[in-house]
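This report refers to the structure that appears directly beneath it.
For clarity, chains are labelled A, B and C in written order, and residue numbers in each chain start from 1.
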Amino acid sequence: MAGAPLDLQLLNLCAALLLLLSFAMLAQRRIVSLVNLLAIQGALLFVATLLLAWRTAQPHLYFSAALTLALKVVFLPWLLHRLIRRLQVYWDTEPLLNISGTMLLGVVVVVFAFGLAQPISHLASTATRNTIGIAVAVVLLSFVTMITRRKAMSQVVGFLSMENGLFFGAMSATYGMPMIVELGVALDVLVAMLVLGVFFFQIREQFDSLDLHHLETLKETHTGEPARSSQEHG
Amino acid sequence: MELLVLLMCPLAGALILGVFGARRWAPELNVAISLATFLAACALTVRVIGTGDLIVWREQFFIDPFNVFLVSLTALVGLTTSLFSRPYMRVEMEHGRVSAGRLRLYHSMYQLFMTTMLAALTTNNMGLLWVAMEAATLSTVLLVTLYRTPASLEAGWKYFILCGVGIAQALFGTILLYFAAEKTLGAEGVSALLWTHLNAVKGQLEPAVIALAFVFLLVGYGTKAGLAPLHNWLPDAHAEGPTPISAVLSGLLLNVAIYAVIRCKVLVEGSLHSALPSRMLMGFGLLSVVLAALFLWRQRDIKRLFAYSSIEHMGIIAFAFGMGGAVANFAALLHMTVHSLTKSAIFFTAGHASQKAGSQLMDNIRGLITLSPTIGWGLMMGSLAILGMPPFGVFASEFLILTTAMREQPWATPILLAALGVAFAAIFRQVQPMVFGECTGRRLPHPPALLPVFAHLAIVLALGLYIPPYLADWYRAAARLIGGT
Amino acid sequence: MKTTEVATQLLEVTAALAAAPLFLGWVNQCRAWLQNRRAPSIALPYYGIRKLFHKDALIAEGASALFRFAPYMVFSAMVVAAAIIPSMSTGLPLATAADAIALVGLFATARVFLSLAAMDIGTAFGTLGARREMMVGFLAEPALLMVIFVASLISATTALPAITENLATQKLGLYPSLAFTAIAFTMVLLAENARIPIDNPATHLELTMIHEATLLEYSARHLALMEWAAALKLFNYACIGFALFVPWGVSTVRDRPLALLGSIPLLAVKLAIVGAALALIETISAKVRVFRAPEFLAIAFLFAVLGLLVHLLLGA
């Protein structure tokens, strides 16, 4: 790798930093920091897409990079920050495992992800095929982040991080999906976030908190009856 | 042209109802739009049956016998559900469970949901299929939480997160599919994700990547189809939303998800020439059937009961598609049709029953036959139909599936029979006192809108007795398309 | 063995012995500047050691032979380590006796003797210090070993001089794996040498001590040797860091003997920069509570593992 051109080295650096960020998100408990880390992740994706666009001279990658910048670096973090301020959720509660345990689990997951991505890397013909393993690792680490959290907001950030990982995987394996698909995916993510915003307010209204243990009461023998007279306002 | 009307009609309806959805005539408008959609679907069907497969609009849309019957089924159930929802939502509004604003949301999201499902069914582009599936979930999340009760919020949250994570897996599978396709078809951009192109070259796709892609696609779309063990969101979402939405989710969305799985399976089988996809489908199918049958015993809420029944039937369908071959595929397609019709009919009656009794708990619903004979008989008939009693259509498809299983996968037959038996007992045990027990509720002045129920049940009965030749040919053509061992 | 090699070896050992207290003094000097105080003389550690040698040793009644023997053992271990680490030159004949992993073992030996001697007297503080020292060491060792693994993987050898030569001749570029391992190594350095944020070297509160608590019972020449050994340990760690991450300027066996003279000022410059950086880190960090030390070291281990994984996957 020492003799590789500068843009490939920068891409590798972006990938390594993405992995580091995913671990940082795993350990982070301040929700504001989580969203900032998500924004930095988006920025790294933007840089990586730009580098790839310059390297392969494919115009649709420039559009993709611009879309990433607009959506993942600017709009989504802004939306999440606004939600945090209005809902007043700043801290997550203790995660299920302690920090050291979570880190070790993360390492195991990363090794598994690298193994999973091996056959794909072998078959890929892109210059960035080595970073597919890191993309899969980011996806799996975000998944671990999601399941070790209790606050709804942290789970959403984990979900968005998973999308980032998938996007990076698409980029390193196939130089990005067709433009129409990328637009569709971006639209879906955007609408999902908007729906979530509305949803959080509904949850907040009902439970006065965004702690998810309120949302774990539905069991097989749930006896909750639909309210006879619900609130009139929507 | 029919395709354009088919897709634009509900989309336009969604926009119009977004503005006018709370007016007095909004439900009628809803029905009118659904009717127009249904007519477009019929026209499209006639055209495809007559002239063969359609590939339109720069190859982005593709209609063949497999999805055209699903399209007409979707449009039909959409129409009847909108007919049902007309008086039902009026009553809900009178009870104060929905406000004007929420009614607007309900109507526009309903039509948007129809659009996304039809788009998912007719698209040729695997990436757009993904986009449409995700959009279908998103358009119904806010509908599941329409009543804003704690339980419905929890159901909506589970629905959103679990389906979101599942669909992310499916996205990864799609990326892998694109990756494999690019190597064979070249980086032509959009055409590498087109199903028709992929189908043509499926023998040359890289087996290792395709196998991995199929695993992710099955897990992803299987989550949306309610296959165990990823089914956790289904009972809650189907039980806590308004009844028309339960009917549509159970009857239509699950079908579309299975459709997505089967489209992928066709590609994968052509590439792998191994039994991996079949075995996985059969495994997941059997697991769903067994789990659902066991869980059916503990249910106390009527809609949850029938939601688990949906999981069970989806398991049977998946198992049948897993077995493959002309007969099993035919039976699975037939089962998709009759299950869709029967389940929505049941949800209609269950909705009315719970509306009358004021509660969804089965302990509180009693004596429907005396309270309102139409609802009572409707529920009884529907339950008998879904449990696989002859002469309803479900019996025919289940019989075909079981006989094929006895021939080809004998080890699975006792499991299936046992699960079906357990489910029969569990459901019948609950339905019998509901229909014939002591009457406790009071009569509501509104006549229940039960025409859709009996229309569905009539179709199911007819299909059980006699499948018209054009329909049989239709199914056979689709079964041939799906192939399998 | 050529005379130049023997001379190089002796020169290195004496330079390490002589420069270690100076390095410590420099770090204290920088800390004082950053904290807006007037610093003591930079040669203060020398005066301290000299003063201690002149005093009479006072040994507790229950002390065993181990107690008297330990300071010499620890000191020799550090000297041997200094002899192996290629701080100025890679042409060290003694280096063939031990590779990088054995080097870690040398540090472990020193730590074991230190802890045993601290527990020897039987006081509460001694045992407390010994237990904490062992905990920190036990957790820091995997991280250190992982750092060495990464370097060994890149250079296909575990002998430290060979690693240095290999890394010095590689093309300049961005190596994320080395960056991560450098961060891990810095964290291990801070932990093992009892710097903030793990341990405050200037503290007088026994309950917060880790390393200092093991030295409470020593006096005179024993204490002098222990203090010198601690300074040597810091010097050694800094030189290991240079050997792995900043390997340029180290003269090799093939160079002319006079090249050695060129590498000495370069080493001095590196040490000066690192000393200032160390003082900066100490000033801006706060000491973490003892039960959070494992978390700190887990993060160090994580960085090292990340470096390994990135290297394995990306080859960078």
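Heads up, the rule we're going with is that a residue touches a chain if its C-beta (ideal position, glycine included) is under 8 Å from a C-beta of that chain, and two chains touch if they have at least 3 such contacts.
All values reported here derive from a predicted model rather than from experimental measurement.
**Student:** Which chain is most central here if centres come from C-alpha coordinates alone?
**Tutor:** Closest to the centre of all protein C-alpha atoms: chain A.
**Student:** Averaging each chain's C-alpha atoms to get its centre, pick out the one most distant from subunit A.
**Tutor:** Measuring from the centre of subunit A, the most distant chain centre belongs to C.
**Student:** Calculate how many whole Å lie between the centre of subunit A and the centre of subunit C, each centre taken as the average of the chain's C-alpha atoms.
**Tutor:** Measuring from centre to centre gives 40 Å for this pair.
**Student:** Mind checking the centre-to-centre distance between subunit A and subunit B? Centres are C-alpha means, answer in whole Å.
**Tutor:** The mean C-alpha positions of subunit A and subunit B differ by 30 Å.
**Student:** Whole-Å distance, subunit B centre to subunit C centre, using C-alpha means?
**Tutor:** Going by mean C-alpha positions, subunit B sits 67 Å from subunit C.
**Student:** Within the complex, which stretch of subunit A touches subunit B?
**Tutor:** Residue list for subunit A touching subunit B: 60, 116, 119-120, 123-125, 139, 143, 146, 152, 155, 159, 162-163, 166, 169-170, 173-175, 177-181, 184-185, 187-188, 191-192, 195-196, 198-199, 202-203, 205-207, 212, 214-218, 220-234.
**Student:** Which part of subunit B faces subunit A closely enough to touch in the complex?
**Tutor:** 95-99, 101-102, 105, 125, 127-128, 130-131, 134-135, 138, 141-142, 145, 147-158, 160-161, 164-165, 168, 171-172, 174-176, 178-179, 182-183, 187, 189-190, 192-193, 206, 208-209, 212, 236, 240, 295, 298-301, 304, 358-361
**Student:** For subunit A, which residues are in contact with subunit C within the complex?
**Tutor:** 1-4, 9-10, 12-13, 15-17, 19-20, 23, 27, 99-100, 103-104, 106-107, 110-111, 114, 130-131, 133-134
**Student:** Within the complex, which stretch of subunit C touches subunit A?
**Tutor:** That would be residues 170-171, 173-174, 176-177, 179-180, 294-295, 298-299, 301-302, 305-306, 309-310, 312-316 of subunit C.
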